[in-house]
Amino acid sequence: MSDPNTTSDGGTVVADESLVSRWERIREREATVVGLTAIAVALFPWLFARAPVVSDVLLGYQSLATLILIWGIFAVGFDLLLGYTGLLSFGHAAFWGGAAYAAGVVANNVSADPIVMVVSGTLFAVLLAWLLGFLSLRRGGIYFSILTLAFAQMLYYMSAAPLAFLTGGENGLTGITVTPLFGLFHLESDLPTFAGELLGTWLYLFVGVFAVLAVAAAYRILNSPYGMVFRAIRENEQRAEFVGLNVWRYKLMAFIISGAFAGVAGSLFTIHGSYVPLQSLYWTESGEIVIMSVLGGTASLFGPIIGAGLYLYVENIVSGVQQLTVPFTDIVLVNDFGTYWHLLLGLVFVVVIWVAPRGIWGAISDVREFVWDRVGGDRR
Amino acid sequence: MSILSELMVILLNGLQQGAIYVLLAVGLSIILGTLKFVNFAHGALYLIGTYAGLFIALDVTLSSGKLQEWGYADIGLGWGFLAALILVPMLVFAIGLLMERLLARSFYDRPDTDQILVTFGLAIVVQELFRVLFGSNSLPFNQPEYILSVIPVSGPMTLPIVGQFPRWRLWVIGITAVLVGLVYLLVEHTDFGLVVRAGTRDAEMVRLLGIKISRPYLVVFGIGAALAGVAGVVGGPLNVVNPTVGMDILVPAFLTVVIGGVGTIAGAVVGGLVIGLTQAALIGLPALTIGSFTLNFSPWAQVGLYAIAAIILLVRPQGILGDEEVAP
Amino acid sequence: MSSGSESRSDAPSLLETRGLVKEFGGLVATDDVSIDVKRGERVSVIGPNGAGKSTLINLITRRLDPTAGDIVFKGDSIVNLKPHQVVQRGISKSFQTASIFPDLTVMENAEIAALAAENGEFGFNFLTHRDKLTSVHELAENTLESVGLLSRAGTTAADLPYGDKRRLEIGIALAAEPDLLLMDEPTAGMSPEETQATVDLIEEVKEELGLTFVLVEHDMEIVFSVSDRIVVLNRGRVIAEGTPDEIRGNPDVQEAYLGGVEL
């Protein structure tokens, strides 16, 4: 997020302490969070793909910016379940891929309107999450992880062979032609004038709106009674039950809500690529969302988005770099990085789980708290 | 072929497929039951077993991967299959011990999710390490023809009723039966097994009785690992050999444990049989034709495995042989 | 709530167990246990280790299913309810260990309990900002005030000293304004000072709220000082029942406690 010192205080000279604490108060407000997210979403593609100097260093491009937002939506929803409710699902590919297929099938057979696609994909994911949640939540803890994994694999094999007439089997679902938004705007074409320079395509705007809505919805959920109950379940499920909460139904709701986020993201993925690979249902996708969320930092709103961005950035850009050097020097860190990146990622992941389970966002929070203490902000 | 002989073939194929799952599930299940440790890296041990078995048993020439680039393309020892069958479990046993000491031990007191995540990370590391070293390509793992140059283990064999059946598949069933039987005796009928079983029930109490439980735990981990290694060796010639096999086999192995019920060897065997037979039946049953509509079962083979699991867990959440009172 | 504290025999039953049997495998943990708790009464359940006290509590809170028998609360059988439904009916439980939500603040701990009390076992209010739930916040504040933790509302619960965690735990159990509070060894693992503080707290609760409670406790001193009536269990059976004075002189009870040492 942005630097605290940039907040203006209306011209009057205010002591450091009150500035900091005032920022603390503003920061917590819903409108602030959503507004800053919207600004970040609006600036991101320009900075990433078009801004002078910055984009040259980053080597980013428009379609990757869109993809990062899509996975970001997925990650926000996933963290509601993993970070806040404490349930580790290894089957979220079912909702991501399931929604992607549903949106694609609807596009090919009913309507390829992007909004219809998102709505039908999300609806499918919600129904599926309700069913799989009902089955998987019968057992707690590790069994939940194993069962979600198993049921998602079942879906993968279903679309691989028996349902191939609908899903295209091994080849994935092809032939999707998304129609213009509201019948007017071609998603792949650039936005007019200034907006085009900033945001790029209509598709990015479309995805960006969903991304901001996703953050707003997640923020609201976390500050609703559900947010409290989810954390209570994570902290002490038995106690939550013994204050009189129907823990089972709240867990099912957490699962369905996070399935809905995955559904929105999966549908957008189909619109983005006009194609659904069979791989999107495979359990490695579930593994990827787990890795993104954990690396970015669970139990935070923005950590998983950062994790998603970083993961996709390394996968798509850094992995193409042949020699990874220490910046501004010729010291070679890794030769042939593309071959090793997944191995290095695995090692980093293990280390993060071991020593810094709060991920990147946890580290940022620690640094911020340290600085705050120095500056004199009152945390309590 | 008669209906009876077809059914027998399905039964034997199911036993063979189930056998691999049983070997993996017994290890997973005792580790889960005694140590309350979830090992998502168990598939990686299978992966190590398969590759190690291949390299010990046969002469292999790599066609891709870093080893090949570095000029070590010919890496097979060609010592024969029996050597692999003896050496691999020892190797993977040792790896299991290392895994327990270096990794698992630090996570016994951490939440389940951390255990899953860290072992999942380890599984990725092992898989990617193998991909980097030996390439992504599938390697051929030919079935051995003779053990000790005299006992034939490949080719078809004529059985009563069944007719011709691949000899190697019978060996897989036999080896599994012997190994699982040995582990069963170890756990049920020795002092070591008594400590392990008591630890499964109430680790605190065993500790209070003054028994050092960490050593039996270590051994349990090693045995579980060794069984996964054996699964890799005997399963190698029947499945493909590439870096993703470990992850691919992990899911059915876990299902086997969950279906059968955690912590019991008998449960793992029952679970393996259910899964193996379901799979073999769906592959082996002839297509059903009703009027102009033909229902072909074989595409549903993989799906059926998960469907059976779903049904069993709906009826008995604790698994077929699981304890009634599930601890909270 | 209840009025006087004398002559309760004609008062209506709040909680009644009828012939409760619980078998684990071949082992009988409770054997035909029938107890009757009147509204406003303070009943203690005592007995040597393995007497079936915890099993009895777990049966009443519906964590365990009885093999036979019935549990009646406020005139209705609760034997088919789930644990959270039992709490919603008005039975709260305070745990043996301080069972709180460690990473949440003291206020949030109380708010969760208050939410369950105000909002019921479940709701679809996931888009309602919690600032709008003023009644929940007020109830949480009152709860913290009553257990003397309001000044520590912003502290992370895990950072409280053990005695305060215990107070918070009892606060969580009381937030729902239950009709009946079950307390499972509330002073287990406490220092003498903490024990004393807890005894004071129980006395306070007893005086102020006129609450009905069932106390399971090892510490005889506490039991004799706070109970109206004592039920003695041994090997899963009720062997004696009466006022503290009656129990003190009962030879069966002495026998059970001395005999209970053997295992």
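Chains: A, B and C, in written order; residue numbering restarts at 1 for each.
Operating definition for what follows: a contact is a pair of C-beta atoms (placed from the backbone, for glycine too) under 8 Å apart; a residue touches a chain by one contact, two chains touch by 3 or more.
Small disclaimer: the values here were computed from a predicted structure and weren't measured.
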Which chains contact both chain B and chain C? A
Can you name the chain whose C-alpha mean lies closest to the mean of all the C-alpha atoms? A
If you average the Cα atoms per chain, which one ends up farthest from chain A? C
Chain B and chain C: spacing of chain centres that average the CA atoms, whole Å: 48
Could you please state the distance in Å, as a whole number, between where the Cα atoms of chain A are centred and where those of chain B are centred? 35
Could you put a whole-Å number on the gap between the CA centroids of chain A and chain C? 44
For chain B, what residues touch not just one other chain but two or more? 328
Where in chain C do residues touch two or more other chains at once? none
Residues touching two or more other chains, restricted to chain A: which are they? 238
Contacting residues of chain A [partner chain B, same complex]: 82, 86, 88, 90, 135, 138-139, 141-143, 145-147, 149-151, 153-154, 157-158, 160-162, 164, 238, 283-284, 287, 290, 294, 339-340, 342-343, 345-347, 349-350, 353-354, 357
Would you pull the chain C residues touching chain A in the complex into a rising list? 61, 82-84, 87-88, 92-93, 95, 99-104, 108, 111-113, 115-117, 119-123, 125-131, 133, 136, 154, 172-173, 175-176
Mind pulling up the chain B residues that touch chain A in the complex? 32, 38, 66, 106, 111-118, 120-122, 124-125, 127-129, 131-132, 247, 251, 254-255, 258, 299-300, 302-303, 306-307, 309-310, 313-314, 317, 328
Where on chain A does chain C make contact in their complex? 30, 217, 220-221, 223-229, 231-232, 235-236, 238-247, 249-250, 253, 257, 380
